[in-house]
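Presented below are the structures under discussion, each in the form of structure tokens.
Each of the two complexes below includes chain A, the first together with chain B, the second together with chain C.
For the complex of A and B:
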């Protein structure tokens, strides 16, 4: 049976009941981070903070938003924007953060790919991260429905139609998802539910899972060096902090994180106050109209690359290619057949593969924004085939790679 | 402490079985909750009078929240099995949503074609595909001709024949 003594202080009282000292050690002061890392390792913290910004701004928007097809558009564009004190601030923070969070996710992902942080015991970190990416995508899409403008409606129409699965013509499934023949009131309300309750809960659970997946393999470092965390942390605790290859998370690494976060905030709030319009499509300032398609439908910038993989093909192959693009990143740890977990720069042909993938995805993003006419269709088709080709080539390229000895 | 294993097994199986049954029932209820409401389903009939239509001018009506294209054909437009005869005139009557992903194509009367701005699909005046990605022609909704009026949502004789001949998709 647990034995409690008379507490000597509030801290001691809490410590006897909640083991706060132990929790602090495990989660923060004795959570070890390698020294040889750079600013790219701060992206995780930036993502956590941006998620916090989305949550806080979302809570304020929720107080005036009305999930009803007759009221939604005005509740956002009139009530929140011109009646509610600082309503514009929450909306612009929410919209800019929703866009910028994907920029940081992509940097975070490509950092992991470059430094091989998805292999040698770090596979579950990668997979949980990809689950977060998919859930964030669903969260962004469902949120995009809420202002009920033209882009909301037509994006909803196009994306839900994907579930008819091409020639399988599963129209019943599409109508079930929508709760109607076309996106309507039932549709808006259920996507509102997904956006403000179900998906945020899933995201928070996945964030915990992502952190948990990190505990045993620890954070990677920019040399791909295998560090004995027990030995190095013992050195640190014994006082040889200079000789140790690791530092404490709190406050050693956290101070680096906060520095990078400071620079991020300058960029972020510059966008919020001076260039919020990049996250606000002008077409979406027209109320939803089921009898008029906007002349050019395109998703937000962060979905353009996968949209461009869907677009140049006929319907069924297009859907297959799109499905391929959605799942293939999950398989990265298993398609990379090389034993080397070192930066791409030291991996020969994989270095070329990495940069080609990055360039290809930027090209797909640019082409996705351009109208599907003339030469752009040709370029789009080439880029889409190139993307698929890169992933088919990956197991071969990495199989041929020579194992690198030592560290 | 001795525990009869068979008894534990029985309890586990019974608990697991009933929990599974309950879970399936909940999923069934959840599925039904997301079904379109009866009011949405029943508001599905629209009557349109086409006597005032001008040749080669596209009229867009609304049925079940979807745009319906009604195009009266001129005498020199080529005949097609998908033409719908109302009175003396030939019409194209179809759902105005691209069969690719559901955008509304625009009609270009001079070129005699529908062009979809989303992914570049094209259809002729019979709603047949001229250029992919759309895999199939524009859908012809269930209809019934009554004099100069067309009732959408109700399958008449002509529609049933067309459907049997595979002309409505």
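For the complex of A and C:
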């Protein structure tokens, strides 16, 4: 049994029971981050904060939202938007944050790819991050069902149809997922449950996992330099803060994070107040109608690239290509055969691969929204094949890469 | 400098993606229709100068307008209630009090002479198998052009006042389109009623609802389907679509049963104002609050910059 003495202060009282000093050291003041980083290293914090915004705005929306096919549309568009004080603000914050969170996720992902932050002991950071990406996607999709507009209904119809697995015709599975032949009340309430309970819980658990995965390999830096954290932190604590290659999380790193966060908030609230249309598709302001298919059905922008990989092919190959696109990013640490864990800029042909992947995904995203007619179908097919080709080429390209000597 | 370069690359790809999935994709998805600024150039201009006094005599008499239309501004009641009218004609004929202020004179003149042409409904009412409920004005014995100009002059005179956005909506759209967020049904605004405290039944409201259902039944039969509720149409369609569609429904939706309504630019703006009130009521609050929130974060960022500099002074 531990020995407790009469506390001299509240702090001391807590410290004896919870070791708050130790916790603060481990999690914040002596959690060491490389000094050689740029603003892209703040994306994690921005994601955490945006998730917080989604959680808070979501709680407020939850107080008035009605998960019932007869009431859902008006509870969002009438009750929340015009009857509830600042309901419009919460809704716009929620909708814009749901879209912007994916922009930041993509920046975060491409940062990791560029700087090789998935290599040499950081594989689990990448994999936990990809798990977060998939869960966020499910969260976004289930949330998109809730206003029960035309796009909610028809996107729900199209996406759940994927589970029939093409020629396998697993219609029973699709019905089971929907809780009916077509999306209906049972469908809406189960997606509501997923959106407000199950998936947020999974996301929170995964965020903890993602942070934990970062603990041992530490944060990467912008030169891919291997840092001896023990030695450098000892230098810092001895007072040679200028010479040390590491900084404290609190407040060295945090002060930079918060500065980037400030710029982000200006951008974010500009979108919330004056430019929210991109996150709230006009089609979804028509109430769901199972008898009237919209002229164009498309997912939100962040799903367009994978949608475009599904779309140009016939049914079965399309599904296989789509499945490929969903899992291939997970395998990145293992498909990259090069021992070099340095920025793509110094890795020769991998540099070309990186920029081609980025351009390819932007192209797929744009083509995914365009109507699949005429030349766009051709471009779409080429882009989809190109995406698959890039990933097949990755092991070969990285195998050929010359090891960079020294560090 | 390196950070700035990285930032520019991030911004470039973000903007490229935005441009591709928003302005560019939408320009490819939707048909482009030029608007004519509500000028109705396909209809002939009025050649005669109208006289409102003679016009009044025609509207009340030989023109036979008041046989079907009410003119509340002139104290003329509707000959039938909306339900009976819808049972007879398919839709309740509009009250003429505000049409002179909201609708273009070329359109009104053509509507009197040749309704299906003015309304662009010739594809639906060929005059043989289906006859439009409003007959063409054949002339009252004098110069027909003059008579039409006189009637238009009268309609303009009686509506010589500021028409509210709500009235503009009721006259122009309201006999076919409900607006449930504005508490409006095709037969009128939902009345304030009380439920019986002992039975918790609101019989007056039920009676009103029955009338609405009956009216909608006839309307849906007449139009082919029930015209959509316009509560938040302003957010479901682009401004460009609303403008060109209202100016000429056929231009956006070939074969639609919706008639051209002949609004002037001013009339259109009034209708849009009402649609904004019901469909996007938070706009004024948004515009007012937005600038404050952004201002707050500008100050936040300046303070964050100073703080970061002070923390990093010993690190560089």
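Criterion: the second predicted complex is superposed on the first by the 407 of 407 C-alpha atoms of A that agree within 3 Å, B and C clash if a C-alpha of one lies under 4 Å from a C-alpha of the other, contacts with A are read in each partner's own complex, and residues count from 1 in each chain.
Rule of thumb we're sticking to: a residue touches a chain if its C-beta (ideal position, glycine included) is under 8 Å from a C-beta of that chain, and two chains touch if they have at least 3 such contacts.
Every value quoted in this text rests on a predicted model; they were computed, and no experiment measured them.
When the shared chain is aligned, chain C comes close enough to touch A:278, but chain B does not. After overlaying the two complexes on the shared chain, residue contacts for A:154 are found with chain B alone; chain C is out of touch. Of the two partner chains placed by the overlay, only chain B lies in contact with A:186; chain C stays clear of it.
In the superposition on chain A, A:296 contacts both chain B and chain C. When both complexes are overlaid on chain A, the residue A:70 reaches neither chain B nor chain C. More residues of chain A are in touch with C than with the other of chain B and chain C. In the superposition on chain A, contact is made by A:176 with chain B only, not with chain C. Once chain A of one complex is fitted onto chain A of the other, the partner contacts of A:346 are absent, as it touches neither chain B nor chain C.
In the superposition on chain A, contact of A:38 is made with chain C only, not with chain B. In the superposition on chain A, the residues of chain A contacted by chain B and by chain C overlap at 295-296, 371. On the chain A side of its complex with chain C, the touching residues are 35, 38-40, 74, 77-78, 81-82, 88-89, 92, 103, 107, 241-242, 247, 251-252, 255-256, 258-259, 261-263, 265-266, 269-270, 272-274, 278, 280, 282-283, 285-286, 295-296, 301, 304, 358, 362, 365-366, 368-371, 376.
Residues 2-3, 6-7, 10, 13-14, 16-18, 20-22, 24-25, 28-29, 180-181, 228, 231-233, 235-238, 281-282, 285-287, 289-291, 293-294, 297-298, 300-301, 304-305, 307-308, 311-312, 314-316 of chain C are the ones touching chain A in the complex. In the complex of the two chains, the chain B residues touching chain A come out as 31, 34-37, 40, 44, 60, 62, 64-67, 99-104, 106, 117-120, 132-135. Across the interface of their complex, chain B is touched by residues 154, 157-158, 161-162, 166-167, 175-182, 184, 186, 190, 290-297, 311, 313-316, 318, 371-373, 377 of chain A.
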